[in-house]
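The structures come next, written out as structure tokens.
The two complexes that follow have chain A in common; it is paired with chain B in the first and with chain C in the second.
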Partner chain A sequence: MSPASLPNFVPAVPEIFLAAAAMALLMLGVLQRAVAVGEQVRISRVVTWMSVLALLLAILLASAVTGTRIATFGGMFVNDGFALFFKVLALLATALSLVISMGYLERHDIARFEYAVLYLFAAVGMMMMVSANDLISLYVGLELQSLALYVVAAFQRDDSRSTEAGLKYFVLSALASGFILYGSSLVYGFTGTTNFDVIARALDGTPVLGVVFGLVFVLAGLAFKVSAAPFHMWTPDVYEGAPTPVTAFFSVAPKIAALGLLLRVVTGPFGDLVQQWQQVIWIASVLSMVIGAFAAISQRNIKRLMAYSSIGHIGYALIGLAAGSRDGLESVLIYMAIYITMNLGTFAAILCMRRSDRMVEGIDDLAGLSKSHPVLAAAFALMMFSMAGIPPLAGFFGKLYVFKAAITAEFYGLAVIGVLTSVVAAFYYLRIVKVIYFDNLTDALDRAVPKNLTFVLLGTSAAILLFFLWPDPLLASSQSAVASLLGG
Partner chain B sequence: MSAAAAVFLPLIGALVAGALAFVHGRKETKAGADRAAQLVTCTLMVLSALAGIFLFNSVALEGGGGTITIFTWVDSGSLEFAWALRLDTLSAVMVATVTITSAMIHIYSIGYMHHDPGKPRFMAYLSLFTFFMLMLVTADNLVQLFFGWEGVGLCSYLLIGFWYDRPSANRAALKAFVVNRVGDFGFILGIVAIYLLFDTVRFETIFAAAPSQAQATMNVFGGTFHAMTVITLLLFVGAMGKSAQIGLHVWLPDAMEGPTPVSALIHAATMVTAGIFMVARMSPLFELSETSLAVVTIVGASTAIFAATIGCVQNDIKRVIAYSTCSQLGYMFFACGVSAYSAGIFHLMTHAYFKSLLFLGAGSVIHAMSDEQDMRRMGGIWRMIPVTYVLMWIGSLALAGIWPFSGFFSKDVILEAAYAAGSGVGAYAFWMGVAAAFLTAFYSWRLLFMTFHGKPRMDETTLAHVHESPKVMLWPLFVLAAGATLAGLLGYEAFVGHDAGGFWRDSILVAQGHDALARIHDLPGWVPWAPTIVGAAGIGLAVVFYLLAPHLPAKLAASFAAVYRFLLNKWYFDELYDRLFVRPAMAIGRGFWKVGDGLVIDGFGPDGIAARTVAIARWVAARQTGYIYHYAFAMLSGVVILVSWYLFQTAG
Partner chain C sequence: MIIEAVTFYILATVAVFAGVMVVASRNPVHSVLFLVLAFINVAGLFILMGAEFLGLILVVVYVGAVAVLFMFVIMMLNLDFRELRRGFLKYAPLGAAVGIVLLAEILIVLGGWSIAPEGGQRFAAAPIPDGLTNTDALGRLLYTDYIYLFQAAGLILLVAMIGAIVLTHRSREGVRRQRISDQLRVRKEERVEVRKVPTGRGI
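Right, the complex of A and B next:
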């Protein structure tokens, strides 16, 4: 690339658009100078809807500009089918998280337009992450996303738990970022480059111990982002403390982006170190499954339970990665797509848990839900059955594909542990169903269910319930995404 | 046609009465259903009995017979058999005996069960019981025989436990079922062994092929044995169970827990005679094994004397008769053992009449005594119930074998045949039989005297209430009394006399040189007299003990306390089995339950895993302290461990 010529902007158009939209909306919000609470709510609504629109436009743009693999900005940024898959998922997850946020923020008097703008910045960061082709751009994307997340975690400023959650996330995330930076510097030191393609070429042959150390540090940092054990400790506290829609957002979008990044890093620059990273992923997978299964049993708070549930689910997704095969990678993509659908549906249901217009979060508060809210109860139960992996719901197929990949790759131990822990995990999912259907109704939840939640709940329920009829679109797109990642 | 009618009419009766048992509602409706059930079953049973007599006439007397195939049951590879009625003299005799006695018992039950609320159910069971017995005796293959065999087992369970609200009845029913299961296990092994050797279960084919397999051998538990001996001994184990022979007899006395007509049915017509019938039916096989015949003789003779000794000291009127049945069955078996099958069946028939007479008579006494069964609380009532008294005398005379009552002919011929057999076991059987005949006469008159004579020993209200039974109970007794009186005299020539060859034809097979029956006419002069003499002596002893010197028995019991207790406790068989089988089985069961299931399976299985899971969950959740430095420490530890792992891996 000659200094005189401009880089090719086309592959990055969706990111550029979204960043510009975010800043424009920020300007819009700031320039309104709203003082009255009602005014703030109104502006917040406008900005939020426009943000959702911007996210959907970004999905269209991303689909439009993506074709064959194109690297640009001096090879730091890459756009391919793999990136598109994750971008679509992340942007959709972000948009839906925004949709389910609205009523909540207004009821808790924290409806500010900055909220949606921060989501947009986080989304830009995620897009950067999954398109990163250099350790530097990886870090920048990650930090852009994280900075937005710190703020939204602590968005309910008057609530000490929310603030605590934001602070905890900030401190520990900084530590994780430190791991990544340290690992990156080691890799740079041993290979002399930060570009993924060049690193991949440099690591041809026997790995140097220093590079392996660097890899371990980078993996540890990324494991933190996907909340895989043993780097998961922040998850329950942050999930519980953060405002519920933020928790929903945390459990889907950043995870999918970080996992996309993880997949790209281990298959791209460190593709030849498969023996090394497989061991790390194996351990992380087993620990996540075990902790996700066991720790959730003693939880009484539904958000905390969902935190452990998400740790467990990441463990299952990592089974596919540990398998290391093409099938395995495809199964990870399928698993994550199904996972975010289940999680968004579940959080939409959790957001319906209000009593006298206040949020309640105890599992016992669901007692007798089947009598007061039959439809909501059915949807909730459906989500729980799917999470437990009961056929013919989508959650079953997600698990089926990762276990199949593990068996094919002869990772029998992983598959067995996976099946056993999913049995344990089934206990707490089914206990929720039991509370909903068999416990006596004591104090009914609020009757009214907001429209936006109904919409998300029904949409995700339908997707989970009917997935087994039309699995092909998801299977085909994950196949082509993995094909573009592996270049074949 | 008459055969099918005789066999299947009771089944129809059972189904109708069984359906009526489900009728509930107002008192009148219920009473109507009861009435209808009794009427239907009794009518059908009487018709069945008439058909049975007709069948006996056409098959046994006029020489008809053959096989009626109803439809194919199993046709699978070489295993092929049908539902079929095999009609020959043996089955005709059995059908006639069973249907006649059963019909009388049915009618008697109308009166006896007058106060019971479960009449339709009772009648249904009785008819079903009869049907299964008829199925058994008319079987033309072993599987159908086994079907009837198990069927009577089932019905005996249902009837003994008829009063299911009594724990003792339930226990007795279970005991009968379980003890029979032991025998049935032997029987089914015998059937399998026969199928193994002959490749068929049809009698026709088996009997035709039997002589060619006379010397065949069979491997059992690594040893090689004479096949016929193995087969017949296994079959005999089954017969011992059903016919309550020593060792497997323990269920029979307890079966008294059922209503009295049931006892009569079990002891006279159905169930216990099945073993005798089966041995007679399988005579072509038994004849091929000297060992088995000797075993049958010894077991039969031992049972005859063993049960008679116990009968002498029992105080329950029904139990005395029950042990007497046990003893008489012993006679029948040793008759079969010395190849005098026809004598055994002859005794089976006469016994059916006088034993049902005795039981129903005892039932009439119990009915009169307001359900009192203990003879020590009876006495002096012969004037009040003279008809029953006379009938009991007839039954006892027949049982003791006094001329001209039926028992005289059948028992004499059995003892003579045993003597004529000329073998060691034959002699053993003869002497045991004679001794048992003495005891039989003694306990029969002990029963009569204790029940009807002496001072009344019951309380005033019972005494005031003593009454003769209604006509519906007495008429069947007259019929049976006629049988008990005349059956021997009329049947002697045909069954065991000069006409026996033409009577039995080929339904019973006796091997060359086993013709003990033919030699009974050239015995020493004292032999035919022996049973009558000891019988008279037994009666005389009973007269002395219970009429002339009533204090003697107690004195005797006191001086031979050990012997008395031994007999009173039935040779301690129940206690022995309790120690040998019941308690160890319970201990094993308890062990499996407490240790195997509770401790091991539950402990390490569901309960244990659940408890561990909860413990792990608590532990893991407790790591979640909420302190940021703990979390940071966990992350750092994770990295350090992973890095060290690679460091050692590369270094090593």
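Right, the complex of A and C next:
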């Protein structure tokens, strides 16, 4: 009976803190026993603000405990600079999504404190995903995140579109999880281990067919989670049906976490199978860009349009991964950071689209916005220009870095397709700008723009507009993150 | 030895048969009953292998809780399975095609699989440490090597519980709740009324 030595808890302190905070806030909300509607709104407001605070504290903790690469819990959990980069982005995105969702929930009578608690648990799952160093911890983190997401997608439970979105996401996502599990079991069967470091050691030399097979299944499952084509089918329906702030959250935080996981999986355990996964990523990247560009043209609903736009953006980010070089990986990190900023800004603007206190979602509803809301119109147009990749906005630099990485790695075809599809995509982004500035005002949107939305909108607009003046912090941090991923 | 082999084959045969019947029987209640039968036989197989803890937990959790819950759900929902199976013929060819493709792929992969010479030792079950019961050994693993996954699984279950409550719970007005303090405080005068009943007429 030798006492088992305790694992090193320090690298996981941010996760432990956030999980404990979520449970404490859950108890706070439950023990208040709110019966009246007004009381529920008050408690949900308190819990939401405290959740935002907890997320910001978790960012501080994560940056405090991260140094050199440390693996703990028997090598299942790893903390390094790469994980830190993605944790900071995912937590910031979660916090900002919470901030922009407050007014919406109250107006739709769904302000309940569980909403923020579920966001916190999803954030814990995301942190576990990007820190996963074992196939089982990968799966467990992914499921923790997804389960919370299914519930928030169906949060507007009296609305049939929202429940449909939740159910659809649940069923399809369970299928994707099945793919990941099947692939993982093949990898386990052929290498005899689930630990990433040991898999990497077992795989040097000629690739075994079974492992490649397993890898493809795992990649397919992860491609579903980042909504890369051809596993993107769920995206438009879920984005359209889910409550708008939830859509905003879906389009940023889970994507960044799943992409971080994807990067770690392909460069870590399967680093030697680069020939094999590069083909898969290449195809996913091209298909995503093409579908993102062409399918969005005929959309009339702004949320569906944003769904296709996010599919396209994931395609551009995957260019950097397909290049497989160090520059390529850095460009993915930069692209995702810029992408979540643009998306949060755009969704803050979409959440301002209300008429007689009801949300409107058609692109035509934006007609003449420049006359009724000049500032909102300018910010909206700025986001669209940036998404289209017009210099000197941040979106241009994101695309510039991935294309540069593709050309340096001699993936000319990928770069050419990327440029061509971004021209096509520019059409529908610029059409929104045209509707805002040149169409006649028919029926003005509500004047009042909530403070929290203004704050997020102005913050993201400033970041997008002024990125070119001071890009060094992002470039440097993505460089050090990739350096820690690839080991120096 | 021979008794062990005979027991194994009986348990295994019944388990497979019950598994087929779960899918094949027309009445969903019968399906669940066959599921219970399959679980109990698999539990017997576990005990035969010396994994008594797993065997018993299978009976307690799956037979005792999950299968009974299934039974309740199926009996309460009153599902019309003919309605559910209506599209079966329409989708059968597509489903069969996908299944055949998957089977072919699996065969290709397994065809490339050769068991390494030392494989017999590598894939053998880990020996049971002396002086440790099954429960003890499992508990030690769960709370030491796999503590991270164990706790994470706990979080997942918590989220599932929150989700179920968020999506289905409705607080209704006018629900009569039991208030024990009020019940205890009740006096005889508030509840009992003594009346004189005239004979033969009633009240």
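Methods note: the second predicted complex is superposed on the first by the 485 of 488 C-alpha atoms of A that agree within 3 Å, B and C clash if a C-alpha of one lies under 4 Å from a C-alpha of the other, contacts with A are read in each partner's own complex, and residues count from 1 in each chain.
We adopt the following convention: a residue touches a chain if its C-beta (ideal position, glycine included) is under 8 Å from a C-beta of that chain, and two chains touch if they have at least 3 such contacts.
The shown structure was predicted, so the numbers you read here are calculated from the model rather than taken from an experiment.
In the superposition on chain A, contact is made by A:F121 with chain C only, not with chain B. In the superposed model, A:F73 lies in contact with chain C only, and not with chain B. When the two complexes are superposed, the chain touching more residues of chain A, out of chain B and chain C, is C.
In the superposed pair of complexes, A:L144 makes contact with chain C only, with no contact to chain B. After overlaying the two complexes on the shared chain, residue contacts for A:I350 are found with neither chain B nor chain C. Once chain A of one complex is fitted onto chain A of the other, the partner contacts of A:L209 extend to both chain B and chain C. Once the two complexes are laid over each other on the shared chain, residue contacts for A:V171 go to chain B alone; chain C is not touched.
By the touch criterion defined above, A:D237 reaches chain B but does not reach chain C.
In the superposition on chain A, A:I136 makes contact with chain C only, while chain B stays out of contact range.
209, 213 are the residues of chain A that lie in the contact sets of both chain B and chain C, per the superposition on chain A.
Chain C meets chain A in the complex at residues 105, 108-109, 112-113, 122, 140, 143-149, 152-153, 155-156, 158-160, 162-163, 165-167, 171. Residues of chain A that touch chain B in their complex: 168, 171-172, 175-176, 179, 209, 212-213, 216-217, 220, 224, 230-231, 233-234, 236-237, 276, 279-280, 283, 291, 294-299, 424, 427.
Only residues 4, 7, 12, 19, 23, 26, 35, 73-74, 76-77, 112, 114, 117-118, 121, 124-125, 128, 136-137, 140-141, 143-144, 147-148, 150-151, 154-155, 157, 166, 186, 190, 192, 208-210, 213 of chain A touch chain C when the two sit together in their complex. Here chain B touches chain A in the complex through residues 613-614, 616-618, 620-621, 623-624, 626, 628, 630-632, 634-639, 642-643, 645-647, 650, going by the rule given at the top.
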